[in-house]
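Structure in structure tokens, see below.
Chain IDs A, B, C, D, E and F follow the sequence of writing; residue 1 opens each chain.
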């Protein structure tokens, strides 16, 4: 059984590599390389796997999950310029892929306990593009 | 190949455990514990796995699937107060997890035949929360 | 200029008239007449008209609007059984039309000031059905 | 008859007034005042009113409308930091209200001809917030 | 008070004028001029204005509205090739504008009675394009 | 890590088997068997699996993916009558299942390289029906 909760945050980012020229960055990232940055309404789907408790019928206390998501994801990310305000994006390009990995790393130790584990993280950068990540050990397909 | 059909129903439920006090239920389920109940527009995605028939190009006759969904899910659940009108929710807490399991149990024997099987059931309780269930034997990860 | 904010709540309701028989209620309201009640995830769009402030560029302080919506709509309606817990629905049938009118009546005096006024209220009962209300004086066409 | 086309762009903005302190800006704009900026996937609905041409059955050539929208809105706004790169937002706070007004001003002279006129502009800043603008002369109610 | 119900239908159409050459049609309608036709999942929002009945709280019996929509719109349009099977599109170009007008003409006499009237018809041809029509007499702005 | 991009196309199709009678086709495919055809706004989600590049942070260059999708899917399918204009649908019934398989076959060799592979293709025929396909070798469950 897997339960999934959606949260949203608004943030700015720049996708460019400092060692490259403007033209090289434009070739690599297109408009995403604009050095002033631009932004998105990100949507994150966080999935937790486990067996429903025999008494409560819940895989995980949803109030607890909401608190974890607010403390570990929405709090640090919402209304931020990722490259300037949210490590590790001062040194790691904030692509959707790297954002998904960072959210996984923030959530995995907080969610894990004997009865449940973080199953996957989906990050929507726009209504047309999303990334799924299920941790290093997952067979990706 | 997996084909998925969405259906919707509107229902009321109460998430509370009779043996607990009001305060304990509120701690456990939050607003969901309100003893008068409240309701949702549930959305169910039912996925069937199989190989498309060489002649028709279909995994399953969609008219047949629609009839099964109406008879086994929409008919019993729609416009009902789950705790009072839809067994087993007279004795099982109607969380999204338990609803997904009950829908699986209702559909699995009706869908299964030599060429196809029920693959998974997704239940959306709200646009921000859903549960996936793929049967007891499934490795949930 | 009109600014619109969406809020959601989950609630149960029964659409039936006590003076009528079960069959008459069923003829009038269909499945909505089920005496146990059923529920919906309601979505409300609240629109406020005014001129943006020359300094702030805003028609209305969105934090203030959010507080009004929480106090006047989400607080009283969310996770409630409307007929039993939310006046005037102890004596008025909680159709989407009457819910829209009640939300208008709750919000209109709180929103109105010399620079702005409540413009309209839209209530979605399901993704396929919504009601718009703009107050008694509005020409409805 | 009114025809409406949606376009999207991603952009960053900061809502703050230089003359105010950080605390005053935070009180006025909340998280939107973050001096590093943050971003959104904006959705714009542009509505044009007119009579369908008797031969073509169209209010306006949709290929022409698409070109106007790309040249006047998506080109200047997409993947930009509005305060730094898109006048008049170097001196006007880029609230959704002011963005709607600027888009109206960019489109109105390009759309108007004897058979049609710009009817309204809707700007969604997030799935929960949008602004409608129909020009200075419109009665806003 | 205005109540709106959504219905959907799938149909094919061709937008071309027989008197014009292929190239002229392509210039006018773009890909829509493909002489083999193509198709859409159309979504129609039908809005009815009136005062809610004092007893039932409804502007219009929703079961009756559903029957009218099925008989007058979904029945004739669904799974049809409009140019070949749905008059007047044998002689009128089936643009979204003309479809909206035809749906209005089919519904208006069926909906009108002393307590209510058809308020408007919105036709979505795709998630990015829709047309609103409110009858000949409506001031379109 | 899996990255998914959505694209859309509008097309017509007929689901019928030439060797069967009209009545047999109607029994098998329902309204989809209408010999004039009908159409849909198809939505395709294309998922690519791989490890993000250590420097760019991307699983795949999104501009390259967009070009592949335009050349291999949107170009051939958009605004077409599948049975008449898009092989193999002159001889294979264009069900959602067969469309998903054809899109997989078109994309798989273009996406595959040492660092990534096509993970799955989802085809939405309508907002209520979609098919997932992950290639012949995939364990479908």
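Note that in this section contacts are C-beta pairs under 8 Å (C-beta built on N, C-alpha and C of every residue); 3 or more make two chains touch, one makes a residue touch a chain.
Quick caveat: nothing in here was measured; it's all calculated off a predicted structure.
Chains making contact with chain B as well as with chain F: A.
Any chain that touches chain B and also touches chain D is listed here: A, C. Counting C-beta pairs in contact across D-E and across E-F shows that the higher total falls to E-F.
A repeat of the B-F interface exists among A-D, E-F or C-E; more than half of the contact pairs are identical by residue number at C-E.
Where chain C touches chain E, under half of the residue numbers in use are shared by the two copies, so each contributes mostly different positions. The chain with its Cα centre farthest from the Cα centre of chain A is E. Note: centroid distance chain B to chain E, computed from Cα atoms, is 34 Å.
Spacing of chain A relative to chain B, judged by their CA centroids, is 28 angstrom. Listed for chain A are residues 127, each touching two or more other chains. Contact between chains, as defined at the top, is found for A-B, A-D, A-F, B-C, B-F, C-D, C-E, D-E, E-F. Chain A meets chain F in the complex at residues 15, 17, 28-30, 92-98, 100-101, 127-133, 140-141.
Of all the residues in chain C, the ones that touch chain D in their complex are 1-7, 47, 49-50, 52, 55-59, 61-63, 117, 119. Only residues 8, 10-13, 31-32, 34, 36-41, 78-81, 84-85, 126-127 of chain F touch chain E when the two sit together in their complex.
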